[in-house]
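Alright, structures below, take your time with them.
What follows is a pair of complexes built around chain A, which joins chain B in one and chain C in the other.
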Partner chain A sequence: MSPRRLIAMSRKEFIQIVRDPRSLLIALLMPVMQMVLLGYGVSLDAKNIPVYVYDQEGSQDSQALLKRFQASPYFDVRKTVNSYRDLRYAIDSDRCKLAIVIPFDFSRKLRDTGFAPVQVIVDGTDDNTANLSKGYARAVIARFSADVQHNWLQRQGMPIAASNGNISVDTRIWFNEDLESRNFIIPGIVALVMALVGALLTSLTIAREWERGTMEQLLSTPITPSEVMLGKLIPYFMVGMADAALCLMMSVWWFGVPFRGTLASFFTTTALFLIVILGIGFMISVAIRNQLGASMIALLVTLMPTSLLSGYAFPIDQMPAAVRAITYLVYSRYYVTILKAIYLKGVGVKALGAEMTALAVYAAVIGLLATRAFRKTLD
Partner chain B sequence: MLLKEFLEVKRDKWERFRLLVPPLIQMVLFGYAATFEVYHVSTAVLDLDHSQESREMVSRFTGNGRFDVEALPSSSQAMRGLIDRSKITVGIRINPQFGELLRKGQTAPLQVIVDGTNSNTALLALDYVGQIAARFSSDYQRDYMNRIFPEYQVMLPSAKMEERPWYNPDLDSQWFFVPGLVGSIALMTIVNVTSFAIVREREIGTLEQIMVTPIRPIEFILGKTVPFFVLGLIEVALVAVAGALWFGVPFRGNPLVMLLGTSLFLISSLAVGLLISTTCRTQQQAFASGFFYLTPAFTLSGFAFPISSMPTVMQWITYLDPLRYYLVVLRGTFLKGTGLAILWPQMVAMAILGVAMFAVSVARFEKSLD
Partner chain C sequence: MPNDGNISVRVDGLVKRFGSFTAVDRVSFSAYRGEILGFLGPNGAGKSTVIRILCGLLRPSEGSVIVAGVDVGKDPEGVRHHIGYMSQKFSLYNDLEVSENLRFFAGLYGVDRGIAGDRIREAISLAGLQGHEHDLTGTLAGGWKQRLALGCALLHRPEILFLDEPTSGVDPMSRRQFWDLIHGMSGRGVTVFVSTHYMDEAEYCDRLVLMNRGRVVAMGTPPELRHLVKKGALLLAKCEPLGTALQILQGSPGVAEAAVFGNSLHVRVEQAEDALVTLPAMLESRGVKCVSLKPIEASLEDVFVQLAGEQSAVRGGPDR
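After this line comes the complex of A and B, so read on.
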């Protein structure tokens, strides 16, 4: 391997990147766009859930309960209606996501039987929002219930202590103390950007030489296959690392995501991940000589698994067993796990040993395969 | 012109592969992988009390289908390690005096440590913990009062929530994602295919050949887009049927309403494809530019992340995204069975956006020919 030829090759590739404004645009604008879009647009939290109320009773008790809903920051009580038909229309047209129906015998049941149901209708179309709002509603009703009990005991002349034999849940939330979904999504976006930029750019490098006919020229020089590969990938590697740094800066300084790990571990794992992505892109590029086909396949094997199976937004441990098994083959899974740990947990390499090893093995195998993939032949 | 374009799609094997296989793969993968639901929470329980009460509390967690008690660490230190290494999401710690406090009629704390990395999972898991604790609490209270005041027929008043999830009784994620996928896949395919087809003509140089024939630009545009319009309809039908059958998602509405919505939506998608083709020389450029439209279009549509949780400015921008309206139509027709009486605002919005975008594209396209 001759360093002179390697540098020449890299320089040529670098100039090509700089001269083509579109590739530069992809390389620099894409990370910024992804960060801004996902950083602002992605939130799974449910706040100000629009609520309609159908109070069949209109008693003191029912009003007391409804007041609690009005006071909750999670709910935005918009309107009171007088029939199920109106409720149905409101939910159908997305005017509300949750409806509270208080039955006509609410206070009587509360007094006489000790058990008064309150109906909570949720729009199940978006199952996640439905689950969250259900949880909040349950908490509001439980607090109401506890207070009613307390008053009841007082009136009965029972010692208040009797009402206390209960559990208080004392919650400690680690790593993402305010449960901000932004903090959970953004570290994963780094992986998404790497996959997108890396694969999209490299998958075209070899195919482009073939399409433009410059491959024949390259083959007639004394350059060796591994020099071609390294020469082509080094500039993209540098672009990738620059993108990673850009993402890191935006996530910490712009979005205020905590970064508790070390820069060294961040850049080491990013380098490993880039080797995998670039290697895959290069192999695709060698195998498919048509630019369009190459970029399509590249997306299929890099972006799609990274966005779906890496755990960046959709938790892996909730997937069906068969899909979970597949995720072990997805290299981004390890990278995303490490990224989240570096950002939020700040744990060292020790706790991440298994993921690090998996990623390193992946990088080694892909690197080796990529060197072998390119042959200096014309057919 | 129409005929030529149809023939081209039919002849090109690669094209057919690209049009049919990735959408189906995406549908299946997404259908299985995309869920925010929390079915099992990996849990560790640290019982420092070893009383009857604490054991009862622990058994409530082991007996609950949602919690997988995977470890019984012997110290707080060990539990901390498990969370650090992401082995568990929830750690439950019962302090030494748990049982004693309860027996005295006082409040006993149940310490819960949650890995908040995945905020959504953490939030749902906390809700489940809260439910278990509340049930334990009320059961214990009832027993306790019956023991202390046997003369009272205990009828502690309590209000209970009865939940009624409409349209998706099991709150199944697939019911939420499958209709959304139909729209996203249609958008992606149509934008890419349209922009590529025209850029290819330009690259190969056949665009000039066609232009010297007596065909008028508008005829050319219609000839180019009508086949893709038909293609879009076929693809939507295919993906919708496949998704509905495979994942068992109901279709409760009127297919004609969906057809109308799909047609209006396709107009705007075709317009975007056309617009991209006017600004690009090579297919690769078209591919990259497509991304700059598709990524925001997906993120802002409410496909996965609720629009109502976005910042206000972001919410305004979503009004410009045709996919936003189409998803309402799709989810409405699939799950809610709503008709035009409710969906007409979406239709009007899509029609306005579609016509405006198409007009801009045609104007730009005619200019790009000179």
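After this line comes the complex of A and C, so read on.
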């Protein structure tokens, strides 16, 4: 490995990125656009879900619960009806996505058990919204129950401190659930952006040399295959890391997602993931000698599994067993899991040993394959 | 003949197959230090394929290829330090500046940092690009691009230079300048391989390898090759209409071969004196007007037509 040749290669590649408007667009604008589109796409969907109410009891307690729904930004309580038939009609005609049925014995059961026995009917035609609205509704109801319980205990003269811990833990978990969509999905979007940008950029790099006829000259020089690979990927690695930093800043400062982990663990995992993505992009570029074809295949191989099978938006534990088994082969699954844990739980790299190992093994294998992929002959 | 110590390239029984197609068929030749060896032949003759094999870019199917003492079939990488290569298609980076291209290749060839600056300046002056160091390479005219590519291929001072049709699509002025550079190289002991379509350029070479359909048809110095045609005589005929004249002449007794060259015919005959009398008469009798008929000196193109045995092989001059 000659540093002189490596530097020459990297420098040339870097100049080309900076001079190529398309590469610049992919490197700089695409991460921002993806973050904004996907980030907002997710949270906008889940706001102002139209709600119909069938309040069989009509008590002070039931009104108090409904007020919680009215106060929530996620729900828009449209109407109160007086029969299941009306609810069904409303859902069938798409006037509401969610219906709340408060039973005749709501207050009594609430007092006896401490839980609000509410029936929630969800329009399941739109799977994603259904899941989200179910989660939100559960959160609102659980918080309401917890508050009622809390007040009740207080009135009974029970020592609050003793049971407070119990209840407040409950409320906190639900509180997180309340913001589920954005906080859970945005770390996954970071993975998506990395996969997209990394694979697109690198898939062009070798194909471009073939297409423009510059490859033959390159091959006739003493540069070795691994120098070509490393020299070409170093600039894209730096671009990828910069994009990761950009995504991190946007997710925290723009979208307000909590970042509880350390920067070191974030960038370490991102580096591993980038090695995998860049390696794959490079191999595709070597195999498919034209830019259009290479970028299409790169998207297919990286973006598709990352968006569908990584668990970034569609929870893996809700997938059929066969599909779930496949996700273990999807490298982005590990990255998404790690990212979510770093963001939301703030755990370090050590706690994610299994996932880190899987990602590292992937990086090593792909890295090795990538060095082998490029041959210095024309046939 | 120079002695063996001076051989810089030795090719023996070289065969290259692409699938079932044989692009290079049992080619053997040697090149000596400081020599300009020209590769001549029509499209698809196998010139580029031979050059690519010599550069280690393609693996030979059979035969031995020794370049600068390296067995290219076994060690294609080993030859790279010794050679400079200019591919048939322009292959520098159009989106890089002139000096950036040079710096890039100086890096790839591992030219010492201490001397790289001087080498780059030399390459720029060789290409005549002073003052254009920061122009984008894509904006240069053809002749400059080719000279820049030559400059790049010379940065590491290779012993052997492979130039695959370096002057195609370049104006005549620039072609002359380019050949001056090639002669300069050879004067410094660099062995130069040049492939070309232009017959007039063949005359600038020390030795020629004539190729057709993957085979070597003839080899030798330009005078040696011209001498091959001296058996018999060559006549230049201007006739009207040309096509009919060609048809008639090709079948006539005493005519070995007839081919179109520009707007006239080259006719190879066994005996000039007889032909000068009989041919005009015969042509006139079949309704062809014979404007003029005279003996001429054979050019390399005639050699080619004769040796390749097919007139479709080479069309004279620059039009490809």
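Methods note: the second predicted complex is superposed on the first by the 248 of 379 C-alpha atoms of A that agree within 3 Å, B and C clash if a C-alpha of one lies under 4 Å from a C-alpha of the other, contacts with A are read in each partner's own complex, and residues count from 1 in each chain.
The criterion applied here is as follows: a contact is a pair of C-beta atoms (placed from the backbone, for glycine too) under 8 Å apart; a residue touches a chain by one contact, two chains touch by 3 or more.
Computed from a predicted structure; not experimentally measured.
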| item | value |
| --- | --- |
| Which partner reaches more residues of chain A (counting touched residues only), chain B or chain C | B |
| Touching partner for A:Y40 - first (chain B), second (chain C), both, neither | first |
| Chain B versus chain C as contact partner of A:R289, first or second or both or neither | neither |
| Which superposed partner A:I223 touches (first chain B, second chain C, both, neither) | second |
| Chain C to chain A touching residues, read off their complex | 18, 52, 55-59, 76-77, 80-81, 83, 85-87, 89-96, 100, 103-110, 113, 149, 152 |
| Chain B partner contacts - residues on chain A that touch it in the complex | 22-23, 25-26, 29-30, 33-34, 37-38, 40-50, 65, 89, 91-94, 97, 106, 110-132, 134-135, 137-139, 141-142, 144-145, 148-149, 152-153, 156, 158, 161-177, 179-181, 183-184, 196, 200, 204, 208, 291-293, 295-296, 300, 304, 308-309, 313-315, 317-320, 322-323, 337, 340-341, 344-345, 347, 351 |
| Parts of chain A lying in touch with chain C, wherever the complex brings them together | 2, 4-5, 7-9, 11-12, 15-16, 19-20, 212-224, 376-379 |
| Partner chain A, residues of chain B touching it in the complex | 14, 18, 22, 25-26, 29-30, 32-40, 42, 57, 83-86, 89, 102, 105-124, 126-127, 129-131, 133-134, 136-138, 140-141, 144-145, 148-149, 152, 154-169, 171-173, 175-176, 196, 282-285, 287-289, 291-292, 295-296, 299-300, 304-306, 308-311, 314, 328, 331-332, 335-336, 338, 342 |
